[in-house]
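In what comes next, subunit A is part of two complexes: it sits with subunit B in the first one and with subunit C in the second one.
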Partner chain A sequence: MSKTYSLTLTIKRYDPERSVSWFQTYRLEAGPILRFVDLFRKINVELDATLAWASSCEHAQCGSCSVNINGRPMLACELLVENAVALFGVTEFKITPVSVAPVVRDLVVDWEKAYERVHRSKPYLIKPKKLPPGMTGFRISPAELSRYEEATRCINCFCCAEACISGNRNFIGPNAAMASIVRMMDPREEGKDERLNLLYSEEGIYRCHTSKACSHVCPKKIDVAHFLALAKEGAF
Partner chain B sequence: MGKKLRIHSTLACDVLIIGAGGAGLRCAALLHERRPDLSIIAVTKVAHPQKSHTSTAQGGMAAVDPKDKVDKPIYHMFDTWKGGDCSSDQNVIKKIIEGGWEEVQWLEQKGIHFSRDEEGNIAKRQFGGHTLEFGKGDALRAVFVADRTGKGMMDTVWGEALKGGSLFLNSTVITELLFNQGCCVGAVLFKIKQGEFITVLAKATVLATGGSGQVFRITTNCRNNTGDGLAVILRAGLPVMDPEAVQFHPTGIVGPGILASEALRSEGGILRNRELEPFMERYAPKMKDLAPRDIVARAIETEIREGRGIMNPDHQIEHVWIDLRHLPDYVHEVKLKEVASFFKTYVNLDSRTQLCPVRPSNHYHMGGIPTNEHGEVQDAANRVVPGLFAVGECACASLHGFNRLGTNSLLELLVMGRYVGERVLSYLREKQVSGPKGAGEASLALFANYLEAQGRENLGMIRQEMREVMTRRVGVFRIEKGIEEAIASLIAFKQRTARIAISTKDMRMNQELLERWELDNLLDNAMTIAQAALMRKESRGAHFREDYPERSDEFQFHTLVSMTEFGKVSFGKRPIDMSIYESKGEHHEQFRVMPRRY
Partner chain C sequence: MRLEEESQGISAPLWPILEKMPFLSRYAKTRGWYYVISWLHRFSGIWLFIALLVHLYTLSSLQTPDVFLSDMKISIQPTFLFLAWASSLVVGFHGLNGCRLILYELFGRRNDAEMTRWVFGLSTGYAAMVGLMMIMENQQASAFFFWLIAFFTGAILAYVVASRIWKRRHSLLWKLQRISGAFLLITVPAYLLFWFLNPGEANGTHETILWIENVFTRLVFLSVAISAIYHAGYGLFSIAADYLPSRITKTGMTALITVVMTVVAVFAFRLILCV
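Then we have the complex of A and B:
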């Protein structure tokens, strides 16, 4: 028989109708390999149908379910109960929405607002190189690709931006900056001047204090700080 | 309480694309490229297009490189025809497969990060069912972006739609299609965050709302895949096609259902039951664990049904084991890195030393909104509905027939996305928009009903029970009595939904209200799947009837199902296109109706 944990989840709620926020505590029994999204669903079915929370793919490929768990930004879909207990050494968890975007209700934030920064960073080739005549594809060696391939794994969950000590007001943020850095390193991008203007602008990478919090919290284990460092050096 | 629901505003645009995943945004990108002056609204249910289900596709996209010396499009067409159990439309097969490499080039020029070979060219990998010379050898046909091909594609098409100037309506769903004199002229949308209904009038409307995997308890599909587009189509009096053609991947990870790739078995993983017996030896003595998807899925289900499965106590799901313990560390750490890490992340097991729990997981719906080869939606009499297009998993053209080959879905999303864009352009020239009377009244009434309902039924419990019944009775194995029981259960669930009270009355980000509407959509989808599965007294592709285990020529047609009142279905037929066979061209004999044996 598998063991169960007696958990206490204290969740920050927000009701847009009354513009009120409060903390609500839920106590539940859960098996070791339930994930936090499973706990939220369990709360909805067994305790409180009104709790709103966000998720989509629920296996760390879309970055919709980022929340702060005991102060740490994480994806609720990949945190198992037993791992959370091991990581924090407690069975009480305080869960708050991320602060990189305004809260809509409870744990649901307005991701659109957070994404505005990624959009400013132009997540596409501004001026794509033309395919050489007679070629059906470009030649990009695996070695060249491997310089920036890690950065292309970013799912824009904004955990890095949430953890960033440089704040969210003046800095475009680690993930948004990385979206531009990756295309600076891509041999198919010919619009590099525009990218440099953005990266070295007032909201650009010199706002970064190199705390490396971004790399530390990234659920995809991307060394975000490495890419920001390359940009600071101009070593694209 | 008692707040009157209303339409908050009306927008107008040239093209309304509902669903901003791979297919919808490929269509948007084409439209922006060809006609930068067009106004395009792209609607997505998720918080941002990048969160779409397309982003989760792992393996690759099949396309024949014209520079390939051994591979040919005709071989790919054959594989698709055979894999689909001779139930795909050959005109569609030909059109999509011939357009494949053009899409690869498009993606390559728009910045996708394809994996490369040593010379720096786009790398290719082999995938099950893809062969050379009509089954003689394995084809290297799938281009890929490491183990995240769907994400690579999604990022690229999203970037292009953004660059082109699409207006995105995120966290928004379609509740109703609008028609005027038989033409589709737009839709009623519900903006989830704001809790507002709007109408959008459009010269052309494209449905690209994705799959309906949440109908089943164990699924690889995301939380949002509740078949909304199909439910809206049914409510408009239009049919869905081949809903009974549902693919189950043999090895989903217990409990979330996350896909554990075929690679586990091709690298030497062995399926074992409760007694640790390597049971595939009994089902497929020669191919054992490497037998095709449907055979392995049925073998696992049989083991579980006959009491040789294992119950996972946390998720309350029965499963079998996959044993990877004998494989060298190199395989775990390099070749199966991503999948091995899934076991670690989601069940906290080390695949090098521990058995890992897997079971069949709903994966893909081959059926959907019937369209012709241009993506134009058809009615029950196979006539085109002017102004309405459908593409992607919600649509059925049909490329996949009754069983989809791996890597053919990403191909379909992109190529059909482009073709639909092209068709929309030729359609736009003549048409003007005018709105119908009473637009949105049906949606407002539906949601008002949800908000006013009284009772003690639990939404989450009904959903859970429905998904359980569908998995047990209309899943991998189907039999008359079981399907009939499922239909009776669905009717009972539907009756219980009338007694669900919604406690959150404020409309903004009202998750209860959204899930209430989704439950109706899920039930509609479940009912059409079950009814079509009951009607089709044969086994074909992924549709397996224990009481009729063979394919029958009597059922050599596409199912059309209409349902305007819950549970009351009417069936129609659409012939399967055999134009490659009938052309009498080179190799046409490979496109006859033949047994599906591997």
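Then we have the complex of A and C:
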């Protein structure tokens, strides 16, 4: 018979109609392999239907369920109860919304605002190289691809931006910077000057101090700090 | 998620201690050990800037020998000596951690856990060396020879870093921060060590003035002062640029930092050139 945990979740609530925020505590019993999104759902069904939270794919692919759990940005759809207890050594969890975007209600934030940073870094080829005559597509060698393939796993959950030592006021953010760095490393990209203007600016990589919190919290295990360091080294 | 990673790397031997420290353990768990080190780097930098101001103030009394000698008497009090020794630990940590960052960011070194162990090991070794000099007192060394070695080692390191980044499209100020850091990595610990070769009363006004009057050491002290003041100024600007919310407050803070650093630089220049 699997173990059951007695959990205490203290969740930051926000009511936009009254512009009031407060902490609300919920006590619930949960099995070890329930995820935090399951806990939120359990709260909605059993304790409080008004708690608002966000999720979409619930398979750690969309990044819409990012929240701070005991101060650490994490995907609520990926964190199992037993892993959370093992990681923090407690059964009491304080859950707050991420601060990379304005809060809409409770744990739901305006992801469009957060995505504005990524859009500014142009996560596409600005000026693709012309195809060689007679070719219908580009061939990127496995060696070239292996240099940046890891970074393409980024799901823009903004956990890195949330954890960053520079905060997220003046820095475009590790994920947005990395989106541009990946395209700098892409042999098909010719619009590199435009990318460097953003990367080598006061809101670009000069705000990165290699605290490596981004790599530490990344749910996709991307060594984000490595890619930002490549930009500092100019090793595109 | 792979929880085993939480207990690997540099934090593994320190984990049981860190877990007992309420403030640090929170950040080590939620942001990682390097995040804690980054904050230590900032705090140590601020400590060193304050230490620089105190040192310049003490040296300013060189022009009135009686005051200088009485300041020197204060400087051999146990509390002052302990603070000076603690500063050597801070100097070692800040310099070596800066070196780790330069190696990581500009030279592609990714063995960060090993480099961090070296940072803490060498910092402790350096502080022990300074402590030994303090205890032994009155070691004789040629100021010219000492600074010849220290200055050129620092200059070579600065050149190595400069040659790595000079042609990159980085901002000039950012490049100079790295280059000055490499120079200071050798010269600041050397300066502190040099100062404690002869601590206390034996190191009187006359001998101190003789060091500074030598043209070469004067040039060395000037270059160290310029580098240290620039490095501190950019460091403070960088912290302000991270957190200040509006363009107006950032501009205001930048202006304030520039004014303070200019005043400190003028003060240091007068001190070195007019003694």
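Rule of thumb we're sticking to: the second predicted complex is superposed on the first by the 236 of 236 C-alpha atoms of A that agree within 3 Å, B and C clash if a C-alpha of one lies under 4 Å from a C-alpha of the other, contacts with A are read in each partner's own complex, and residues count from 1 in each chain.
Rule of thumb we're sticking to: contacts are C-beta pairs under 8 Å (C-beta built on N, C-alpha and C of every residue); 3 or more make two chains touch, one makes a residue touch a chain.
Just so it is clear, the structure is predicted and the values come from calculations on it, not from any experiment.
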First, second, both or neither for A:His119, with subunit B first and subunit C second: first
Partner chain(s) touched by A:Pro16 [first = subunit B, second = subunit C, both, neither]: first
Which superposed partner A:Glu78 touches (first subunit B, second subunit C, both, neither): both
Partner chain(s) touched by A:Asn70 [first = subunit B, second = subunit C, both, neither]: second
Subunit B versus subunit C, judged by how many residues of subunit A each one touches: B
Partner chain(s) touched by A:Ala229 [first = subunit B, second = subunit C, both, neither]: second
Shared subunit A contacts, counted only where both subunit B and subunit C touch the same residue: 78, 83
Sites on subunit A touched by subunit C in the complex: 70-72, 78-79, 83, 86-89, 163, 165-167, 169-171, 196, 200, 202, 206-207, 209-213, 215-217, 219, 221, 226, 229, 232-235
Residue numbers on subunit A that touch subunit B, as the complex places them: 1-2, 15-17, 30-35, 38, 41, 44-45, 49-64, 78, 80, 82-83, 104-106, 108, 110-112, 115, 119, 122-125, 128-131, 136-142, 144-145, 149, 152-153, 155-156, 183, 186, 188-189
Footprint of subunit A on subunit B - complex, ascending: 46-48, 50-53, 55-56, 65-67, 101, 104-105, 108-111, 113-122, 145-146, 148, 151-152, 155-156, 158-160, 162-163, 170-171, 193, 222-224, 255-256, 258, 312-315, 342, 345-348, 458-461, 464, 502-504, 506, 508-512
Subunit C to subunit A touching residues, read off their complex: 1-3, 6, 19, 26, 29-32, 34-35, 37-39, 41, 101, 104-108, 110, 112, 164-165, 168-171, 174, 238, 241-245, 250
